[in-house]
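Right, one structure below, let's go through it.
Each chain carries a letter (A, B, C and D) given by its place in the written order, and its residues are counted from 1.
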Amino acid sequence: MTYIPKPAVVHPGLQRNEIGLTRRDYEGSMTTLCAGCGHDSITAAIVQAFWEMSIPPHRVAKLSGIGCSSKTPAYFLKEAHGFNGVHGRMPALVTGANAANSELIYIGVSGDGDSLSIGLGQLSHAIRRNVNLLYVLENNGVYGLTKGQFSASADRGSLSKKGEANTMESIDGCLLALTLGATFVARSFSGDKAQLVPILKAGLAHSGFAFVDVISPCVTFNDHEGSTKSYAYTREHNVEIVQADFVPPAAAITASYEAGSVRNVMMHDGSWVRLRKVAEDYDPSDRDRAYAYIRDRQNHGEIVTGLLYISAESQDMHAQSDTVPSSLVDLPFEQLCPGNNELQRMQARFR
Amino acid sequence: MTYIPKPAVVHPGLQRNEIGLTRRDYEGSMTTLCAGCGHDSITAAIVQAFWEMSIPPHRVAKLSGIGCSSKTPAYFLKEAHGFNGVHGRMPALVTGANAANSELIYIGVSGDGDSLSIGLGQLSHAIRRNVNLLYVLENNGVYGLTKGQFSASADRGSLSKKGEANTMESIDGCLLALTLGATFVARSFSGDKAQLVPILKAGLAHSGFAFVDVISPCVTFNDHEGSTKSYAYTREHNVEIVQADFVPPAAAITASYEAGSVRNVMMHDGSWVRLRKVAEDYDPSDRDRAYAYIRDRQNHGEIVTGLLYISAESQDMHAQSDTVPSSLVDLPFEQLCPGNNELQRMQARFR
Amino acid sequence: MDRVNDFAFKIATANGTGSASANGLLMQAVFRMGVPVTGKNVFPSNIQGLPTWYEIRVNKDGYTARTPHFDLMVALNAATYDKDVAEVRSGGWLLFDSSWPLDDRLKRPDVTYLGVPLAEMCNATFKGVRERILMKNIAYVGALAALMNIDEDVIRQLLKEKFGKKQALMDSNQKAVDLGYQYAAKTFSCPLPIHLEPLDKTKDAILIDGNTAAALGCLYAGATVAAWYPITPSTSLMDAFRGFCMKYRQDPETRKNRYAILQAEDELAAIGMVIGASWAGARAFTSTSGPGISLMNEFIGLAYYGEVPAVIFDVQRAGPSTGMPTRTQQGDLMTAAYASHGDTRHICLYPADPREAFELAVKAFDYAERFQTPVFVLSDLDIGMNDWMVPKLTWDDSYKPDRGKVLTAEQLEQAKSFYRYLDVDGDGIPYRTLPGTHPKGAYFTRGSGHNKYGGYTEDAEEYVEVVDRIDRKIQRATKVLPAPIVRTAPGAKLAILTIGGCHAACGEALDLLAKEGIAIDYMRVRSFPFGDEVGKFIESHDLTFVVEQNRDAQLRSLLMLETGLSIDKMESVRYYGGFPMSAQHVISGIKARLDKAA
Amino acid sequence: MDRVNDFAFKIATANGTGSASANGLLMQAVFRMGVPVTGKNVFPSNIQGLPTWYEIRVNKDGYTARTPHFDLMVALNAATYDKDVAEVRSGGWLLFDSSWPLDDRLKRPDVTYLGVPLAEMCNATFKGVRERILMKNIAYVGALAALMNIDEDVIRQLLKEKFGKKQALMDSNQKAVDLGYQYAAKTFSCPLPIHLEPLDKTKDAILIDGNTAAALGCLYAGATVAAWYPITPSTSLMDAFRGFCMKYRQDPETRKNRYAILQAEDELAAIGMVIGASWAGARAFTSTSGPGISLMNEFIGLAYYGEVPAVIFDVQRAGPSTGMPTRTQQGDLMTAAYASHGDTRHICLYPADPREAFELAVKAFDYAERFQTPVFVLSDLDIGMNDWMVPKLTWDDSYKPDRGKVLTAEQLEQAKSFYRYLDVDGDGIPYRTLPGTHPKGAYFTRGSGHNKYGGYTEDAEEYVEVVDRIDRKIQRATKVLPAPIVRTAPGAKLAILTIGGCHAACGEALDLLAKEGIAIDYMRVRSFPFGDEVGKFIESHDLTFVVEQNRDAQLRSLLMLETGLSIDKMESVRYYGGFPMSAQHVISGIKARLDKAA
């Protein structure tokens, strides 16, 4: 049975959604991320999306891997069960949970290291299975929690003037998802709440694996091999301790721009990202055109954001394996155990 | 220093390559695969390719994972070091070996289970690193060695009339490789030696990760969930006594056809694959066009074969990380150890 | 000497020829005649063409352990002639395909040869390669039937049951049997001294392999989610579970599935899915073997520290690494007991045969949920893949799953507060809640440091409080885990302590030693951590022989660690070549030590 | 009582504020004054804003273990006021930022308050948030310098070395120091009873962390390939190695790299790369922590059974699972010793401090190649990430890498035949060849069953022959592995046996107990498997206290397993809350037992 939690003490002026809850009811504990971290902006957008959709928080299950990004489920939906698993393995946990209870709403939060390095295999296969879930990849191009190593999404082109790692081809989560047959693929930017919230809501609404790649700047680690802020170099010059340990209080990046127009946004590390919002008339129903479009803009040094692809005939894991409509955890034991008579009968087979 | 092995006893009539070796010199021990297994045809093509290129066998390192396909390195180049690693992890082994000794010629053999399920992450990241290696994915759509479960390459469309597993989107190794920025992507068919051998030679010549997906029918396990031959079914119907471990004697499937043409090939289970060989004038230099073409033909139920993409400016792992030309294993210890004087000098840093 | 209903024979062929079916038919026929029988399938780790053997032991006294001594050898694989002929006991028989002259390698002065022109007869009788290969196998069944006095009607009946509707198949199989039978009957003086006489010792028994039995246990325990990655010798467990689910887990009206079997991309994912499903409230399990356990290590630690139930079947095979995938061993005892980095300790169950595999499979789910922790069921290739004769399985219909301390929506509604890791009852077991139940039930499961309230912590005291409680929880489980099986001999100063599938060999060894006047007490542990009785048992004997199937005496290691006793109390008796343990191995190990002492 | 050059103080701030540099400056200043000093950085597992502490112990006798008693607390983090004030010893001092009134939570009757208006002064003096936050930290350094009589010139000199060319930075730092110094000097009666006097006890020593030292060892050992995946607390080892390589491993002309550092996609790949590189003939290593070890389990078994060298640094942190990534523990002792499924046993080395981390890192490569097997170097967060005062490192230029039995092209050319796994010399160590050397050297490395010729096998005898030899090989390694460190006290009937970083605490405890007339012998094991002397040592004492940092007494477990001795001989003394072991923990553990006895 489902409980609609009673509205907490009424804060005058606090707006309520259809089930009488305020945004507060969708928040979690205090963030422990750096001031200005893009991930916190995404958390806010998630809170907003769930609130707007009037989803009972306790009917949500929030899962994550390990990383700064993966900490964020603690910062939203305090009335939802949370599972902070091991690094890169959230997709398996959520697949199992979803198999057991198909009636909950699942959100998985991960980072680019968590998803594209150690977790690449599990992410790919969860996409294949089309597990019904909103998957948010909080993408900052680095391993934040381990202090700024490049991740697999560190873009080759945009970092060409820097250290070694950038010589490697970056992995574009959206292109990967499309190639693996994802049924919902979107990209947004933590600083663009206006765009992000609707995408998150669409992802929650989608029945199947909703892949959302959110560019989410790491305000703290823009250093890298060969830079004057790298561990080795600064160690040599004896200024490193002060600087590497120093974190400026930075404001979250924000950007807003006209549909179809290109806007340059300065990242915290001083590099620029060009954002092109998909034109309003863009048709996100053609997998191959979406892929080609992203690639084409990429070749022009642009990152396409928006709802890039959504499949009309998405069949989620349960639809594919034809499980009963009610979730398996709710099946009474009597329906599961054939009993002794049948056991005796069937053993004729073993003689 | 390199040894050119002395030609073995002369078998009159046995043709010799530039370094005086016969095909025999490129063979390995007896195969233990099923009669007619596609993998054995690929082994023959590999022998042919190395022989034609007159590569000294002992300058080759052959690595593989676990599976019927991964057993095949034992069946060619007996004078080359072989490493039969653990399941799905050959890419890491070969990456390390290549890092240590860049002067050997590396060939990695894997299966679709080994590469696209358990090994998907490692394959993807070896592609990103552009490790200099010929990677042969012997693709039969099943886990042969564990008796025929569907692999991630089991094609959805072509199996739609069959059991459950086929409801999942299949992973196309070539599309994946292209998406990950592979510098050499090809597909062929085990039965088409005329096409396969030149592709293998091109892959060996390529400096970087040469991904070759070879469709290689499994003569034994054409059964699947729900089919009248599946283990579950036979158990239910108690006819395992004739089916349990019987492998019908079979011959390898061969197919030769013109460039640019389409050819239907019947698999051992009676199902068909429709192969399209790229035309002579096909331009393999455009990554995005290659991707689009493969997808387009896929949508028409065709599997494109041939050298699909090759990058002009491939920079392999060593070029990217700017290592010395001679292989690291050959560096004299004096070049590696700074010695005690320097140790004393540097310790000023630690006071 | 009288060898009626007490002998062993072995059939050497190549795999992929269909011989397994013929051998199964033989074994089943003996069983139907009411004579206790055991079969060991020794197969290679490939699909076609490599040597494979089938060993059948007939024993009126019901000894089911493997015996390494064979009275008769069916030598049909030239690749292994040398090895095979050497295994025939002096004075024994060797059956070969006399379509070709007897191979020199098969010649031995002290062996009687039985030439049967299998190929010749089948080629003359059957059309098509496929049928000819298959029927050669059925033909030697017929020959052996004549030689060993196996009831023709029983075989006919078995063929009918198998091919009931398929008349053509039925006929050709029957014809093949007759070919072999008649040839042997008229050519040799049948039956041989080693032959069968009908008995009535199997009517309350079944022939079943441990993987099928374990799958039945999962079905009856109410498991709804299974996640796995194929690996020999555990694959047939999941295949069997799927088979049962297709039959017993479909909604009668809609035919929709009341189960989910997830073929994961690897073992890391498989165990992750199991943990996710258990966390969500399902009874979930995975089945794997050694390499899979190694890959599951990280996740197992998460389940242990996050206190999430999980059931893991480890059908052990010969390690280390890939090892010998089609050979049996008990090599994962240590790995399973302390799997994952950091301080961990896991509940393990050790079935000795398929029947116990069924029973302990059910218990595994009860323990996993009751103690909110991973539970290993450690069987092995011999138990899992070979057909054993065991008493019929029974089920207590009053069984109710022990879901442990799970709070319902109602309880949460009443509760003033809920904290996940509080030791409310002082038994070390906290209360859990399932996702979606109730807003008050929400908490955060994590493998990082947490305090008893479920909050993240890096505080020393808070951290220690939780890990200490978990340690108590697992230790207390010994109070309810299955007790060891004990068998005492009056005045015995010596003892045998063993585990799992060694049970059969040890039981036989005890009887044989008793006949020699050597009195030995016996204990077989069935679960880990061990209860106090285990240490007491060892202490109460001058010397305990620890019998197991691995190189490093892993059971003895566990005994030393958990009882604190010194190695002097325990003499290790090991066999780890990949075959099941035999009474002969046990006895020679014990005697070696006794002779040393003497 | 005299507390000159013998006291401890602690600084409580939040991470990401730059305090680490200030604290390092303080510690270095003490060191430069010739006074032995230890610093423990207690930091959270996040990047900014959570509580972090720095503990500095000044001790003229050179005791470097952590002490839990603090004479002075710098309390600058309101979030931890309660905790921090409680840790000041009675009669101690507390320095706070008097820009705001003293917080009630900080009030204690038996503590002297030292208010310094850090924020006020810095806001008045410096422009910009960034500089103000930073300089507040430098300012308390100045204040403490006055209070504890730290030489101003030393600090000035240190700042010069740090900011040499950066005059502006230099000036502002110096100004901040002076602000704090002058304020304290004129406000309080300086110095406090706890203060410094110059000594000459550090001139032959350095301040270095174990990860840097281990990286130096890898550099000097000639390691050319490193593969890793970032994980606290091992990351700085690879960062340091990269730093050294950039300086010492570039071709002088071409500037090209004589090394390859591979940031792998995960730990499974990292160890795979190391095994691949070692197989190809390079000295290769990885560095990781608990979770990484769990993920490496499968590959470790392959290297063990395939006999491929591999060096693995496990910088241990508090487990299980993710545990407390920024707290120290010795929780992987068992996991490492028997890592991977099946029968395995691995060589482990246990450094006690950064200097030994340097030395054992070098040896690790020699052993890995000599015995053709994985070698673990088990350090921990305390050794790896904290700066320790140790004697200067030295290097013997006559060192030649022990590559073990590797056949050259010439040898192979001469050789009649080569078989990979033959025990030619009877020492259990076979000969290897490297890929590309010579046609005759070719062989097939596999984790599946193989015979001594390197061929695939499923034959029991052939399989056993190889795994038994490997077992002998590892056992024989004890003859050359680093012997335990022993310290005896005349007539001692009791003993302490410990491992790794507990050395410092145990040494101090021995002295303190000796002062009380309690004579105790001492042994610290440095390698696994243990040599016979370890068992003899335990046997020769009435009782041995086994001191370690994990919940489950893992060292004692290893001792029981490997010596075969009963638990009665060993009393476990453990601390596993995440802080380094202190002499007080050791003593109270020992006394608890002695009192019981008494």
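Here, a contact is a pair of C-beta atoms (placed from the backbone, for glycine too) under 8 Å apart; a residue touches a chain by one contact, two chains touch by 3 or more.
A quick note: this is a predicted structure, and the numbers were derived from the prediction, not measured.
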item: Pair sharing more residue contacts (C-beta pairs) when B-D is set against A-D; value: B-D
item: Furthest chain, CA centroid comparison against chain B; value: D
item: Centre distance in Å when chain C and chain D are each reduced to the mean of their C-alpha atoms; value: 44
item: Rounded Å distance, chain A centre to chain D centre (Cα mean); value: 36
item: Between chain B and chain A, distance of the C-alpha-averaged centres to the nearest whole Å; value: 33
item: Multi-partner residues of chain D (at least 2 other chains); value: 45, 265-266, 291, 298, 302, 321-322, 446-448
item: Multi-partner residues of chain B (each touching 2 or more other chains); value: 86, 117-118, 120-121, 124-125, 129, 152, 238, 321-322
item: Of chain B, residues touching chain C in the complex; value: 32-35, 66, 68, 71, 86-88, 117-118, 120, 143-147, 149-150, 152, 165, 220, 225, 231-232, 235-236, 238-249
item: Residues of chain D that touch chain C when the two form their complex; value: 44-45, 290-291, 293-295, 297-298, 301-302, 304-306, 318-327, 329, 331-332, 334-335, 338, 340-345, 446-449, 458, 460-461, 463-464, 467-468, 471, 550-552, 554, 557, 560-561, 564-568, 576-579
item: Residues of chain A defined as touching chain C within the complex; value: 1-3, 5, 56-59, 61, 63, 73-74, 78-86, 89, 91-101, 103-104, 121-122, 124-125, 129, 318, 321-325, 328-329, 331, 333, 335-340, 342-344, 347, 350-351
item: Of chain A, residues touching chain B in the complex; value: 117-121, 124-125, 127-130, 152, 164, 167-172, 175-176, 179-181, 235, 288, 291-292, 295-296, 299, 315, 320-322, 349
item: Complex contact set, residues of chain D against chain B; value: 28, 31-32, 206-208, 212, 216, 219-225, 227, 248-249, 251, 254-262, 264-266, 268-282, 284, 298-299, 302, 392-397, 399-401, 409, 413, 433-439, 441-448, 456
